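After this come two complexes, each holding chain A, first together with chain B and then together with chain C.
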Partner chain A sequence: MAPVGRLLLILGLVTTLYGLGASLYGARAGGRAWVDSGRRAMYALWGMTAIAFVILDVAFVSSDFSYNVVASGSSTTTPTLYRVAAIWSTQQGSLLLWLLLLSGWSSLALFLTRRRVREITPYAQAVLFGLTAFFGGLMVFFANPFATSSTPPTEGAGLDPLLRHTTMMVHPPMLYSGYTLMMVPFAFAIGALITGRLGADWIQVTRRFALAAWLCLGVGILLGARWSYTELGWGGYWAWDPVENAALMPWLCTTAFIHSIMIQEKRGMLKVWNASLVLASGSLAVIGTFLVRSGILSSIHAFVSDPTLNFSFVALIAVMVIGSIALVTWRREQLRTEARLDSLVSREAVFLFQNLVLVALTAVIFWITFFPLISEAITGTQISVGPPAFRPFVVPLALIVVVLSGVGPIIAWRRVTLAKLRRSFALPVLATTVALIVLLVVPGVIDHKLALIMFCAGTFVVSSVLQEFVRGVRARRAMTSEAPLIALGALVRRNRRRYGGYIVHAGVALALVGVAASTSFQQSRTATMAPGQSVQLDGYTIRYVRPTATATPEKISFGAILAVTSGRQQIATLHTSYGLYPSQDPTRPIGRFFDGSNETSVGLKSGPLQDIWTAINPNVSALQGLINQGDARFTKFLSDAMAMPAAQRTRALSELYSLRDLAIRGLAQRFVTHPWAPTFLFIVSPLVTWLWAGALLAAFGGLLALWPLPPPRRRVTPPSPRDKPGEAVAAPEARARELV
Partner chain B sequence: MIASYVIVLAVLAGAVFIISAPLRAERGEAGSEEQATRIAELEAARDAKYHEIRDAELDLRTGKLSDEDYEAVDQALRAEAVEIMHALDAVAPAGAGIRAGE
Partner chain C sequence: MDPRRKRAIRLTIALTVALLLASALVYTSFAAGREELTASQLIKRAHPGSSYILAGTVLNGSVRRQGSLLLFRVRDPKLKMSVPVRYTGEVPDPFAPGRAVLVTVSDGGPAGFIGQPGSLTTKCPSKYQAASGSY
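Entry: the complex of A and B
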């Protein structure tokens, strides 16, 4: 089926070029039929890409090693579930996933907007086709996923062990969905700038796509952090790795965008800012993809560097950035704002300030992430700065964002009186003051001032959000006499965008409290221990009970059972293991089973207040002498067997490989029968669970805000057209009941 | 190999059928399409304004806006909504039956 896949990609590229031409011709000549035909070309492209994707994934699942990508990214020993996901562990497969998602989201966006913003749509369509042409072209000309070998290997190289993790099945598609969803508002912004239709129309039709991009990127970042925490064996969840930052930057920029578009929707303000933000978010999404694809910056996540792809991506990014700047400059007169801020004490003023901080945060992360490349361009040497360079800038800016996310919900649009302001702030400030007093009593907290400020800021946000929910429920109950929970449900259902947003704020605040606590108050130590020995950490006694070892065709695994006690109380039993995957080195018939890729399975006891975390390094060098002897003997036996006549050789080789498997199992079992001392990393971190729980809460809030709201005209008594502009319409209680 | 070509040709035929449909179909008048677009935009603007009116009312009920501030904000929003509805009536007089998507 490889030729079918290849032909479908070529056909997809031809369809893309047709769609691009039809959209532009339709836009210039005013031919709606051509624009509609172009839109349908996007549906067709998605269909072709989906078939091609299924063909390639079937090849992965069936371990068809005639496909080069299957041979390099999978193996018969890779579990079936991971073979399904192995497609996006390869460069070519991930490009195909990008095209599938981009054409899918584009089809959805073009379908939903087929009767809206008709002047903008043809150009947005053309931009989306331009992007699909880029990724389709890459696969047709430079990175063919359907390339085959006439002499396929009997076994594949296997999926990178680090990727054999359930979150890795979802993490890349979520990030790619975020990147590709962001292309929709990007394309419509370009369309709006080209046509000069710069009102809020394009924002209204693409707002959900920006929100969905934000949600997918956020969930992708969360899953990546969880994978790092439970799989990489270093005990952290965020390392300021360039590829991690590549997802964080567009997420921050999109966070700013989904707040500032509310100001344009409501007030007609910030048009230049919004256009710039969405264009920056779109460009950052492609830059993020480039960082993963190119490997230009050192990262554990990056693919191998490919000069052809690198040049192509740099050219695309240059076109996107220069084109965006040129369009905004060209339309600067029409982008002038229609209104001014009524007051600096208003929600739009808070949003504006929050936007500035978020953009500053993005700029700081961008600068430090790319600093090694900048330094190389200037000095000729790549200077790596690492995580410590981020903290002095990121932590204070993040604190400001958290505080503002508490202020936003309790302050009204347009204007607010001092008395109302005092009333709105009273409870959150009181809660924050109480939290501060309590925290000051807790030993050691005062020594970590930034963490203390984050705890107080988190309390402020959560209390302000809770206050909003209580006030909303109270207002609804005053008019409907509903039970509190029913009133809460109705309130949220009728105001999903508002209350979904509030939940996001609370979730992010809780997550950042978890980050502050776990980074500031973490206790860790490494220890090399023999079975029966124990160490003390943060009041816990951790005893190495016994070693474990297993050997399967997929991997050799060395592990340990550890008992955690506090005084006489048993707290947890932890099991950590270290998996060794075979390399393809033919010169080391025994050693290759011990020197391939590796992965760590951590031992973890998670609790609402504290995590106890451990990872083992089995120090396989203790077996090196035996492994070298095995290599020498097996190589000799192998050459003797190869010298035998054909009939005897097959039997001898079969016996030899059986003996080899026995020897490997025996070597692995020595970890149990003749135990040596492995090295353990132990970490006790407070409130890590708050990070995951807060992030999940934020994702739930995002989903709530994303959910479509019924048209308001069904529930709002509209002003009559007979009313004169400027004439107030009375708001009786009965109508207010419908509104709240 | 022949099966591969048959599959690709089938996909190609399906794609051509789908893509060419608008070019084969008879088109309505350009004027009515422009009108439908304008109506859709005005309806979207009206809906957004209704959401703003609801938001302001919710701010009043939850104690974020004083009565005086609410009166001013609400009055301005309703005036804007009325302007949109006048524009909507001018484009599609009541009973004309032309609405986006119809």
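Entry: the complex of A and C
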């Protein structure tokens, strides 16, 4: 099937080029038929890419190692579910996923806008075809996912053990969806700039795509953080790694965009700002993709560096950035604002200030992320910058954003009187003051001033959001006399964008309170312990109860059961393990099973107030002497077996491999029968659960804001005597259905 | 006040604030950033009492463990030269021979360079050498 897949990619590229030409010709010549034909070419491209994707994924699932990407990214020992996901662990497979998602979202956007913004659509279509041509061209000319080998290996290299995690099944497609969805508003912004149709139309038709991009990127970032927390064995969820930042930057920029477009829709202001933001978000999405793929910055997530791809991506980014700047400059007169700020104490002023802070945050992260490259270009030496470089800027800016996300919902548009201001702020400020007093009483909180400010800011946001919900429910009940919960449901259902947004604000505030608490008040220690020994941490006694060990064809796993107590109370039983995957070193018939990649499975007791986290490092060096002996003996046995006549050799090798498997199982079991002391990392972190819960709440709010409103109910007029009898019966039934 | 003049003043203030923040950012980046040295640069420059960030790849066959101590050599990617490192503390899961690493070290004399606990970071390529049909 590989030639079919390759042919589909080539046909897809030809279709893309046709679509690009048809869209541009249709736009220039005003031929609607050409534009429609171009749109259908996008549907066809999506269909071809989907079939190609399925062909490749079937090859992964069936372990067809004649495909080079399958041989390098999967194996027969890789569990089936992970084989399905292994396709995007490879460079070529992930490019195919990018094209699939980009053509899919583009098809959806073009279908939904086929009868709207008709002047802009042809150019937007051409931009989307330009982007799909880029990714299609990369696969056709430089990174062929369907490349095959005439002498396929009997076994593949396997999926990186670190990627064998449930979140990794969803995390990359979510991030890629975010990046590719962002291309839709980007393309329509370009179309609007080219045609000079710079009203709010293009924003209205692409707003949901921007929101969906924001949601997908946010969920992708959340899943990545969760994976880091439960899989990487260091106990953290964010390391300011370039690839993490690559997803965060477009997310922040899109956050600014989905706020500022409200001002353009409502007041006709910030046109140049909105156009710039959406173009920056689109460019940052491609920069993010480039960062993951290029390996130009040290990252734990990057694919292997490929100079051809690097050059192509740099060229695309240059075209996007330079083209965007040129278009905005060209249209600067038409982008002039229709209104001015009435007052600095108004919702639009708060939105504008919040936008500036979000853009500053993006700029800071961009600068520090790329600083090693910048410094190398200026000074000629490579410089490392870590989390300490980010904190002095990111923490205060994040605090300002949180406070503003509490102010935004309760301040009025245009102009606010002092009395109104007092009425809106009284309760949130009171709640914040009470929180401050309570927190000052809690020992140790005053020593972490930034965390204290974040707790107070979080209280302010949550209380201002709650106040808005209560006010809305009261107003609705005054009009309809509904029960409180029904009024709440109706209120949210009818104003999904507004109340969904408020829920996002509360969720983000809760998540950042979790971040502040878990980073400021975390307690950790490492300890090397034998079974039966215990350590004290943050009032808990953690006892190493017993070791565990398993050996399967996939991996050897050393683990530990630990009991956590507080005084005489049993708090939790934790199980942590450390998986060792084999390497393919032929010189070490036994040692290679202990030499490959590692993966940690953490022991975790999560609670609403505290997480108790542990990871084990089994110090396999205790087995080194036995492993060396095994290597020497089995190397000799193997060479003896290879010298035998062919008929005896097969039997001898089979027996030898059985003995080897037995020896490996025996070596693993020594961790239980002759236990030595492994090293543990223990962490007690407060409020980590708030981070996950807050982020999920924000995702729910985002989904709510994204969900389409039901179509407006049409008034049903009573049947006139002239109507036919059948219709006269149907009309009252329809009316009854609507009332229900 | 003349609105044009008012706008000019606002713009000047905004640009000044932006310039000050940008200067602070540039200064902090250079102040917080530390030079990465290759094995050959480290041998030339290292002197006792100072710490350095060593960058390179883990030399194949050099990784050994002695209890909680991890011994390995970091190779200069361009020159055929490597330096020994004695490291204790957290070892990232992707750490393996042939992988690119960063570690903060100080000169430990004849025993080699001593890695600062918790400073070892590893770059993880998407592919790895693995599994045969049996174990």
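Details
By our rule, the second predicted complex is superposed on the first by the 709 of 740 C-alpha atoms of A that agree within 3 Å, B and C clash if a C-alpha of one lies under 4 Å from a C-alpha of the other, contacts with A are read in each partner's own complex, and residues count from 1 in each chain.
Here is the rule we use: a residue touches a chain if its C-beta (ideal position, glycine included) is under 8 Å from a C-beta of that chain, and two chains touch if they have at least 3 such contacts.
All of these numbers come straight from a predicted model, not from anything done at the bench.
When the two structures are aligned on the shared chain, A:Arg498 is found in touch with chain B, with no touch to chain C.
Of the two partner chains placed by superposition, only chain C is touched by A:Ser597; chain B is not.
Contacts of A:Glu119 after superposition on the shared chain: chain B is touched, whereas chain C is not. In the superposition on chain A, A:Gly73 contacts chain C only, with no contact to chain B. When both complexes are overlaid on chain A, the residue A:Pro392 reaches chain C alone and has no touch with chain B.
Looking at the shared chain after the overlay, A:Glu482 reaches neither chain B nor chain C.
In the superposition on chain A, contact is made by A:Ser424 with chain B only, not with chain C. Comparing the two interfaces of chain A, the one with chain B and the one with chain C have no residue in common.
Chain C makes touch with chain A in their complex at residues 21, 25-26, 28-30, 32-36, 53, 55, 64-68, 89-97, 100, 102, 121-135.
By the touch criterion given at the top, residues 1, 3-4, 7-8, 11, 15, 18, 30, 32-34, 36-37, 40-41, 43-44, 47-48, 51, 115-119, 199-201, 204-205, 265-266, 410-417, 419-420, 423-424, 468, 471-472, 475, 478, 495, 498, 711-713, 716, 718-721, 723-729, 731, 736, 739-740 of chain A touch chain B in their complex. Residues of chain A touching chain C in their complex: 72-73, 75-77, 89-91, 154-158, 160-162, 231-234, 295, 298-304, 360, 364, 367-368, 371-372, 375, 381-386, 388-389, 392-393, 526, 528, 551-554, 556, 581-585, 593, 595-600, 617, 619-621, 624, 657, 660-661, 664, 679, 681. Residue ranges on chain B touching chain A, taken from their complex, read 1, 4, 7-8, 11-12, 14-15, 18-23, 25, 27, 30, 33-34, 36-37, 40-41, 44-48, 50-59, 61-66, 68-69, 71-75, 78-83, 85-86, 88-89, 100-101.
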